[in-house]
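My structure is below; once you've seen it, I'll send some questions.
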């Protein structure tokens, strides 16, 4: 019972009170859509009248496209995918600081009142789930609005030209209507990323844990390997679009394993940690 | 009834508590006195279940903290100054914390705020409060659910003379109600007046135990 | 008095765990990048030296080319430059906000005056941020000269180095490479210092120390995103706008480093920090 009451407290203080952050996320996704339209314009300049209005599937793929596999070439230095990186850095920022600050502030009273450190921890895990859910809900709302303005179809089918517009590379298969694995994997892997960061923020404090998140996302974009979570967050590397792309099953297993490890390790950590500092520096 | 049995705590190689033994009965005020850094606040944290002793144990009504129970089942505390959410009013802050246990309703929360001399209908946000008002709200939080254990760490900090008088009244009421009140305070006169017994701490050790004047005051009353 | 105050602030800036953390992360990445280059050198140097009889001059394997500012082959180097603005702000940019909240700022300001206090604070943030960013570069250079010869790069190996005519200070790279390294390090130091100082100037506008450090960083990534996905695509803007790239030698795609853009950005950061300092010295220290 206490778990739900703490969760209600968290939803009020860690989500509702931070509505401005979600407004900023909405503004960011507007820019993301603008980038997609800019990519279409550039494509149309080369291949006139070959691209019609986007579908909802196109917009989703565009917002989370990432980059195709990077192969080192001295004449082509690595250029990190800023749009993709920022998308997930924002999701990670949303879920970074509140739990730690809460535990060292008013959360102390909640933990004692709830008689359970574990309850507090589970409530924070569910809060991450809710925050990520809202993040994607905001994204979905902005994409739908953009689609309305663009006059596109509300279907999850991806237009055959879209992978070309987004420069997914030569190995594009183009499977219209097949982005469901990606739609499941995106929130799942984001939750895994944020829960891992949440656990690390308790162990090494929030700022270093954010550095780890930036590094993980960067390395994921640099190396195409099934062991780096960020690879599953890119449409451009998904098996939905390219041969030899990142598979749904592997992604789900990795994300699931990270979620379990983070929750279990975090639970063990919270159970033994001393709640001492009133407020940490960073 | 709280029993502290040979409790020690080491943090990053520094021993902050060393073989503390004490008995804190219900319906009594137990004071802890000592210079800064003597271990009073750390001991309070141990009693609240916020930190785990490196050795020894704390028994709350016969149940071992960290073994049988995670936290004392009925406790209110003010440790290291109050911690609230700056954008809410005092009443909103207390109601939110009270919503976890649902032991205190709106009436009790309002009453607790009035007991410390604040106005429950004050629309000012917590961040606009003065230091003394923040401290008073912290005391209200500690007592609002009529807990069996009340821990007050330096409760006179930032309080004016009226505030100290109110605090003394509250401590006596809590004692009379049957709560085990644990008090640490630099103002030795206040501590002497309010406590039934006083433990003197030095470098994390209990160096002396003395009787306080609370019993006499109660008899006179 | 100003000297003592600055010394006090510098002591605080250099003797805190966040400075140590930022420096450690930077030095770790610089060492990993040097290790990667060493492996590359071991693999390619016999071939290059042999081939040099025909195609490449020996300077192709010069340590100057492996230095992480000039080299773009190591992910650790790329990650270092991605994290650089954060690593510059972490050491001390949070301290003004922290000290204002704890009341420590009021004590010092009452003793030495607000202007002096703020100037010392910003100067310390500048120096600490610059040092945290520049030391890993120097370490990397030292590590590179431990395995690769310090040969003056020759233009014949231009395709190996990727430092072309329109690259900033390329003339020094091929003529006075040590000066080039000094100038590049100074550029990184200057950026990191100004960034740290500008972030500190935001203290009055942001309440949380985490937000103070991360929001400006996210703004830089946003700027890169706009540059990459919108400005270049729609307006063909070719000048690199973010330090992730203009602090390095090798051009990304068809973008290039413009001295004017760098000068303008540095001026904006410096002017912002100065303007906020001038306004804040008239404010109440609450």
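For reference, chains read A, B and C in written order, and residue numbers begin at 1 within each chain.
Convention: contacts are C-beta pairs under 8 Å (C-beta built on N, C-alpha and C of every residue); 3 or more make two chains touch, one makes a residue touch a chain.
Values in this document were obtained by computation on a predicted structure and should not be read as measured data.
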{"item": "Chain closest to the assembly centre - both centres taken as Cα means", "value": "A"}
{"item": "Busiest interface, counted in C-beta pairs", "value": "A-C"}
{"item": "CA centroid of chain B to CA centroid of chain C, Å", "value": "50"}
{"item": "Geometric centre distance via CA averages, chain C-chain A, whole Å", "value": "28"}
{"item": "Chain centre separation (chain A, chain B; CA means) in Å", "value": "43"}
{"item": "Residues of chain A touching chain C in the complex", "value": "28, 31, 34-35, 38-39, 41-42, 72, 74-75, 77-83, 85-86, 89-90, 93, 96-97, 101, 206-208, 210-211, 214-215, 218-219, 222-223, 281-282"}
{"item": "Of chain C, residues touching chain A in the complex", "value": "18, 21, 25, 72-73, 75, 78-79, 82-83, 86, 90, 94, 98, 159-160, 162, 208-211, 213-214, 218, 221-222, 224-230, 233-234, 244, 250-253"}
{"item": "Footprint of chain A on chain B - complex, ascending", "value": "11, 45, 48-52, 69-73, 75, 77, 79-81, 83-85, 87, 93, 96-97, 99-102, 141"}
{"item": "Contacting residues of chain A [partner chain B, same complex]", "value": "2, 5-6, 8-9, 12-13, 17, 104-106, 108-118, 272, 274-276, 278"}
